[in-house]
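Letters A, B, C and D name the chains as they come in the text, with residue numbers starting at 1 for each one.
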Amino acid sequence: MSVADATGPLDAAWAVRWMRGTAQVVAENRALLIDLDRAIGDADHGENLDRGFGAVLLKLDGDAPETPAAVLKLVAMTLMSTVGGAAGPLYGTAFLRAATSLGDTGTVDPAGVAGMIAAARDGIVARGKAEVGDKTMVDAWTPASEAAETAAQAGATAPEVLAAAANAAHAGAVATEPLIARKGRASYLGERSAGHQDPGAVSTALILQAAAEAAGGEVA
Amino acid sequence: MSVADATGPLDAAWAVRWMRGTAQVVAENRALLIDLDRAIGDADHGENLDRGFGAVLLKLDGDAPETPAAVLKLVAMTLMSTVGGAAGPLYGTAFLRAATSLGDTGTVDPAGVAGMIAAARDGIVARGKAEVGDKTMVDAWTPASEAAETAAQAGATAPEVLAAAANAAHAGAVATEPLIARKGRASYLGERSAGHQDPGAVSTALILQAAAEAAGGEVA
Amino acid sequence: MKKLINDPRAVVNESVEGFGIAHADLVTVHPEPLFITRKDAPVQGKVGLVSGGGSGHEPLHAGFVGRGMLDAAVPGAVFTSPTPDQIIPATAAVDGGAGVLHIVKNYTGDVLNFETAAEMAEADGISVRSVLVNDDVAVEDSLYTAGRRGVGGTVLVERIAGAAAERGDDLDAVTSIAQRVIDGVRSMGVALAACTVPHAGVPSFELAEDEIEIGIGIHGEPGRHRIAMEDADGITQRLLDPIVADLSLTSGDRTIIMVNGMGGTPASELYIVFRKVAQLLGDLGVSIDRSLVGNYITALEMQGASLTILRADDEMLDLWDAPVHTAALRWGA
Amino acid sequence: MKKLINDPRAVVNESVEGFGIAHADLVTVHPEPLFITRKDAPVQGKVGLVSGGGSGHEPLHAGFVGRGMLDAAVPGAVFTSPTPDQIIPATAAVDGGAGVLHIVKNYTGDVLNFETAAEMAEADGISVRSVLVNDDVAVEDSLYTAGRRGVGGTVLVERIAGAAAERGDDLDAVTSIAQRVIDGVRSMGVALAACTVPHAGVPSFELAEDEIEIGIGIHGEPGRHRIAMEDADGITQRLLDPIVADLSLTSGDRTIIMVNGMGGTPASELYIVFRKVAQLLGDLGVSIDRSLVGNYITALEMQGASLTILRADDEMLDLWDAPVHTAALRWGA
């Protein structure tokens, strides 16, 4: 993956770039996400997220929230009311908790990034009750959160923290392939769920990648 | 096609052999007749006739009618009550009229054969109102009837008359291929009905072939 | 071919047997020869209504046996009209002394078998009338065809004539209202994918991924012509136009509409078609006074739909609204 | 993919619009956010019943809105549960002061969205209860799954709880009868061919000519396992056995049975399945007291069927028989 052109502080403009980038990458990967969900779910994950982030774009064209938290809160509300399915409430909660963790700060620092990702992850777990290894998006958020925490403590810059999180999320998503699902729709398949990556874990990696790229972070 | 082993007078035993032979040839050609009907109709002609002549076999196992006419009448009633569709009433009428034309004769002579086929043909026309060229079984029965009449007047034996009828019916069936149907289900297709042989004309040829073979007649 | 069946030759018998068990409060199944009557048949003094035809069009006809609709249904083999020896006892079983009306779809086989049956039943002293449903505008009604086919209009004829019989109309009156419905009803169908006749084992025709058949009947036969796939609104327009033209529908006309699924089409798609029908008729100033949307006259699992329009008058609408209690159509009872 | 649709993304809106026109006497369609209420909602003093879920299961749920069944249906995108901002106004629209029951099928998405909606509606001062339908015996109800899915049993819950609400039961009582139905109802499904989600454009799974999927849900997902094609009687046995075992059905038990088509299966085949169900239950001494055979909860045009059995008591049977007047289920009204 490439280095994004954008650089600068993690301010509201960054958050907007993140969300526009997410909308784009989700649109590009709509068919892939549908296909992953078709294999072990109900073939709608890509469509659902595409609809949701499409709505986010429209919202962002109208409003211009002034803090990163305000952007993420707008995103949370939009996803909740347009995505539906499991991913709608889960991503909605994730962005809402992330927003809350940021408070009214104008610029997110490295520790803030790690805290935001941890909050998002914890929100998903609180709502969905999945554990690591259940073959869900938690398997991408959890390593992402851990990697962000480690990078922040090691003194990385905010873009570097995001890049670490994105890379870990990608690895986490890939690692869901052999797992047998124990939560969500894929769990109905039992052992037949093994051999496919979890769509929500893959979309998580795409979202975090967009965050890093919006910050100019280098994603492997 | 082959020369049947059976020979002898056209008596009740011949009529029974004819019907058993028909049942066999219809069963053998069940799929072919279904396929022809699938192309320009509703894919049931082979199934309908197979069911009908299967029932005829059971009837013949029970009853042993003493004249050719009695055999044909039994066949007529059985076809009427088991075949359904267009072919049931048409063949039912054909065999009923054929039986009537034979009266109580014990053995059918050449003129009787020609009269029987003409009666069958006229019965079909009376019920179905089709003319020659409408792409129906009439296009097999009509040349068959003409050929039988010609052969009988030329002094042919009864088996020879039957063979002439069968050969003409076959030719008539083949000649239905380019026609545009104007009666029966195939007429709904308009010009799309051209390019396929009419299933009822083909089954007519099979029935008359069985008649000739049951009499030892040589069918080309 | 994958179907939820046992022996292809037992499909009709087993299915009707199951139907009889499921609707034992409504119907009696007579197994040999096979026909189905409403539980309380014959209803003394009421005109009996008998319809029938090949199987594979369920719920037609057995699903419409009951109060306010048919007194008897006579199912043939799949796509094969029944035989007189089924139709005759069905006719006798529902004759309550006021005579029996045969509602026959216009196919050579149905016409011939019902004709014979009517003759024999008359010979047995039953007054029998027949009406011929021929509503399919896809087929030209000319000397060069077997005439228009009977398709979706049959459902409307059975309902309205059934209501007339139930309110006590005599045989002449029931026959005449049935004929009036026939005169005012037209249909047109489309197939997106063919069905497979159980005893044939292969689809009745093959369509490419981007082709549809316009002007299909209900027997899995190909249609009048094949066109490139279009969207629902475009297809709906193609179904509607020839009907509007044939009936000369104009502003102020009132109608009963049926958007019918051929067996393999989801209800959601039928409502998309209905939506467009409503728009187009609205544009013409034609009102939809009653409607049915669903699987009423099918061709096994064919994917596709048909549109039926009846130009309705007050009496037809009243009869439509009268109570009906059958397996597939029920209201007011 | 060939479907009678226009834009894949407009399928739900256009279909519901058509539904609203066809059943304008019964329902009101609220377009933005999308939900459907019965015409006379809110019914003062009556507990309101709301259900919803992904679209593609028609007639569920909109087809069951009306007297004696649901007060509101909330359709999501195809196979995608609706969002709280649809569920909340639907809940408010049907609250007649006696509170609202959410009937939720057990899927993570449905649970989460209805959970949020219930919380918000409660915050707005509406009493909301929820029941979770989880009748699919194909899925083990264990820590290692999302629990059993809600499938055909939903129809029976909606009908019986709907009748309880209509007779004036309070929120506790309606909730409790709904839960009793859930406790006593189990289902199992089979697919002969997959469906195609409009926005996906390709079939949800591929089956060879001689394979079927046993233990499928209603979202086009593959089932628990794939087996070689069998005849209808054999397949029926496979659907019935795990239900009988799970419910410990024994001689003398009374039941309500639903043999449900998945959307692309002809009614005739469903009756063949029903026939075998009746035989097998008869052998066990279990009586079939009421039954439904038809398309009630579908997966678009999937070919296949599901069997639902409810162990019924007197009260459930009484409630079952009470008048119901919806687009897809109607009697006594």
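Heads up, the rule we're going with is that contacts are C-beta pairs under 8 Å (C-beta built on N, C-alpha and C of every residue); 3 or more make two chains touch, one makes a residue touch a chain.
Every value quoted in this text rests on a predicted model; they were computed, and no experiment measured them.
The set of chains in contact with chain A as well as chain C comprises D.
Counting steps between touching chains, the shortest path from chain A to chain B takes 3. When chain centres are defined as mean Cα coordinates, A lies farthest from chain B.
Remark: chain A and chain D have CA centroids separated by 33 Å (rounded to whole angstrom).
Inter-chain centre distance (chain C to chain D, centres taken as mean C-alpha positions): 29 Å. The distance from the centre of chain B to the centre of chain D, with each centre set as the mean of the Cα atoms, comes to 55 Å.
Across the assembly, chain B contributes no residue that touches 2 or more other chains. If touching chains are joined by edges, the resulting network of the protein chains shown is an open path. Applying the touch definition to every pair of chains gives A-D, B-C, C-D. On the chain C side of its complex with chain D, the touching residues are 1-7, 11-12, 14-19, 21-22, 55-56, 58-59, 63, 192-193, 207, 209-210, 212, 229, 231-233, 235, 263-276, 278, 288, 291, 293, 295, 298, 300-301, 303-305, 330-331.
Partner chain B is touched in their complex by these residues of chain C: 9, 33, 54, 76-85, 107-109, 112-113, 115-116, 138-140, 143-146, 149, 197, 199-200, 202, 204-205, 217, 219-222, 224-225.
In the complex of the two chains, the chain B residues touching chain C come out as 34-35, 38, 40-44, 47-48, 51, 80-90, 127-128, 182-185, 187-190, 192.
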